[in-house]
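Below are two complexes that have chain A in common, paired first with chain B and then with chain C.
Showing the complex of A and B:
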């Protein structure tokens, strides 16, 4: 491993990190703008042109707020909770291919952090340890509403993980690879997985909503019955971390949806464009980000359209509708794969 | 060289957290230390080039089993310190049981010699493709039987958990 390669990977990691944070920051503004649009008002427009400085003002406010820690809180775990949530939210971006290869001076630079051959399983692992941040934070606050919120969040995330994994397993079956890079590369041009896996996509996107704790599945922070759920006792930037990681999760989930089902950096007619491969890579990355932006808009669209589920409805939907649906999809996929081998 | 340092670091953290599972008074801390132990073990698997095993270890143990442990401990509200009384008899029995396990471990270490891997194919066994081939070709029956065992355990748990008698 030479130093050249190492600096490239480190700068790529730094770039992706900064980009995730920047996108999450402006996703909060976009959310408020979209909410304003849906409710026939203007949304934030005081700080900067079109409210472009609003996220900066919000962040500054969160930093300046008083740091308050409950008297009987478990101090170490109380701080660990939001940190863990943030860490886990940022971890999964490592296996997403942000573009093809850039050829600079005869050397190929991959726009993916780590092309590990078990990339899909890596995302499973990251998703499954995402529960800890919420549970630890909720428990360490020493507040019964926070604890109830944490328990709810954990049971919701565990329940929806199952169906989500089942949906991804069908993708692995059709592509025959566990590497996200291979999965994206096989959807070259317009051969996107959505054409062969519509049921799987439906299951996946619903589970992605539940895993990100977004409406209609935002039961863990259900204001009307649990005050604020697991982050009731949090203030200042620790609360900011919890809220912010939701937007990072949304960004990563959109990137995963685009990569697994909508071809990632592939776009139609990429072979007949007649430009150099470097340009294809750059356009591909731009196309990927357009797809991600669209899915983030879908997240917001649904949040401001649908009301929240009741808790028993949520559980029934996860276990009795989504999981059987994912299993039927799995069997159907296997059947078709045998039939048209 | 780097992997040696990594090994020492991981081992130190693993032993530290394993001891703390026993020493912490608070059940939640015990569960969290145990999770940390599982993560360090996953790190060891990666050092041994068994990535699949490492990731599955994290998914199953850290991501599912320990979350359920944490869940149960929180739900049953076991988070008060010193609520389990330890009588002298219990300490005595626990001492004997633990001592026997220790003896067993020492005994197994005594007859242990360092294996040298001669077949280069074997170092790639942890990769998912090789593992899958061997699991589904050479060990198909044990694999299927153990999955039936898991299924029956799951059905049994649901049976026991049902409120109304069938």
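Showing the complex of A and C:
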């Protein structure tokens, strides 16, 4: 491994980190704007033009808040909770291919951090650790509301993760690879997975909502019943970490949906455009970000459309609706795969 | 078999209702926004006619008002917000007459119920739409509504000079207003708990508040 390669990878990692943080920052503004517009309001527009400085103001406010820790909280776990959530949220961006290859001076630079051959497994392993951040935080707070939130997060996880993995298995079956890069590369042009896997997509997007703790699956924080759920006892930047990681998760989930079902950086007519491969890569990255932005908007759109599920409704939905659907999809996919071999 | 059918039916109904909901919110996304950008739009601000902000006693250009200092508004105010002080003067033809000295209204105690306005037999008071009433001390909320040196508008002369026809025409209105008045008084009385010496009450309260 030469020093050249190392610097490139490090700067790419730094770039992706900064980008995720920046996007998460402005996702909070977008969320508030979109929420406002859905409710016939204008949303925040006092801090800077269109409220562009609002996230900065919010961040500053969180930093300046008093750092409060409940007297009977478990100190180590209390701090571990938000740190783990944030860490895990940031980790999962490593295997997403942000674009094709850039060829500069005869050397190929991949816009993916790490093309590991079990990328899909890696992402879902990492993402499912995220729920531990919530559970640990809720447990360590020594507060009944927080504990309720943590319990809900745990039960929510076991009800959707199975269906989610089944949806992923079907994708792996059709592409024959566990590497995200391969999966994206196989959807060249307009040959996206959504055309062959609409049911899988439906299951996956529902599970992605649950994964990100977004409405209608935001039972763990559920402010109407549980005050703030698992982050009831958190304040200052620890709370900021929890809130922020939700938006990072949303960003990563949107990127994952785009990569697995909507062709990632592929776009229609990419072969007949007649520009150099470098330009194709750049346009592809831009297209990927447009897709991500669209799915983030869908996340918000659904948030302001659907009310929150009740606890038992969620369990029923996960086990009795999503899981059978994912299983049928799995069997059908296998059947067609054998038929058209 | 039946349960499988039910499962798929439920699934499709669920997806359909989700899409319907999303189309509703999508339409809502593009509707005109109702937000009033307040400090900027002060000039074009539209305030409903029924909005009650400040009690005023309209004076005409001769500095005359219509308040006969009958005290009906004071009696009807459920909060003891209004306190009227009167003084006796002697008119040119030697008669003694009670006139308004000070009409004091405390914005901090008013619940804007409008009872005073609808019970006033002379239509002497009304609410305006001046809503920027924030002040730094509570004492500034207590306002004297009659202007310095103002006096009662002479009513009798006008009636005398007016034609008989117009008097007849105004009669139904007068009857109606009396009806309203009686109803409102009855309502106010039933709503009222302390009727004794509202003037004193007001003074006590306002001094307490300060």
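In this section, the second predicted complex is superposed on the first by the 341 of 341 C-alpha atoms of A that agree within 3 Å, B and C clash if a C-alpha of one lies under 4 Å from a C-alpha of the other, contacts with A are read in each partner's own complex, and residues count from 1 in each chain.
Following the convention adopted for this analysis, a contact is a pair of C-beta atoms (placed from the backbone, for glycine too) under 8 Å apart; a residue touches a chain by one contact, two chains touch by 3 or more.
Remember, predicted model here, so these are calculated numbers, not experimental data.
Colleague: Identify the partner contact of A:125: answer first if only chain B is touched, second if only chain C is, both if each is, neither if none is.
Modeller: It touches chain B, and chain C stays clear.
Colleague: According to the stated criteria, A:116 is in contact with first (chain B), second (chain C), both, or neither; which is it?
Modeller: first
Colleague: By residue count, which of the two partners contacts chain A more extensively, chain B or chain C?
Modeller: Chain A has more residues touched by B than by the other partner.
Colleague: Counting only touches as set out at the top, which of chain B and chain C does A:4 meet: first, second, both, neither?
Modeller: In the superposition, A:4 contacts neither chain B nor chain C.
Colleague: Which partner does A:40 contact after superposing on A: first (chain B), second (chain C), both, neither?
Modeller: second
Colleague: Applying the document's definition of touch, where does A:301 land relative to chain B and chain C: first, second, both, or neither?
Modeller: second
Colleague: Residues of chain B touching chain A in their complex?
Modeller: Listed in rising order, the residues are 28, 32, 35, 51-52, 55-56, 58-59, 62-64, 67-68, 70-71, 74-75, 79, 127-128.
Colleague: Hey, which residues of chain A end up touching chain C in the complex?
Modeller: It is residues 34, 36-42, 202, 301-302, 304-306, 321, 324-325 of chain A that touch chain C.
Colleague: Residues of chain A touching chain B in their complex?
Modeller: 74, 77, 116-118, 121-122, 124-125, 127-129, 131-132, 135-136, 139, 147, 150-151, 154-155, 158, 161, 178
Colleague: Quick check on the complex: what are the chain C residues that touch chain A?
Modeller: Residue list for chain C touching chain A: 7, 10-11, 14-15, 18, 21-22, 24-26, 28-29, 31-35, 37.
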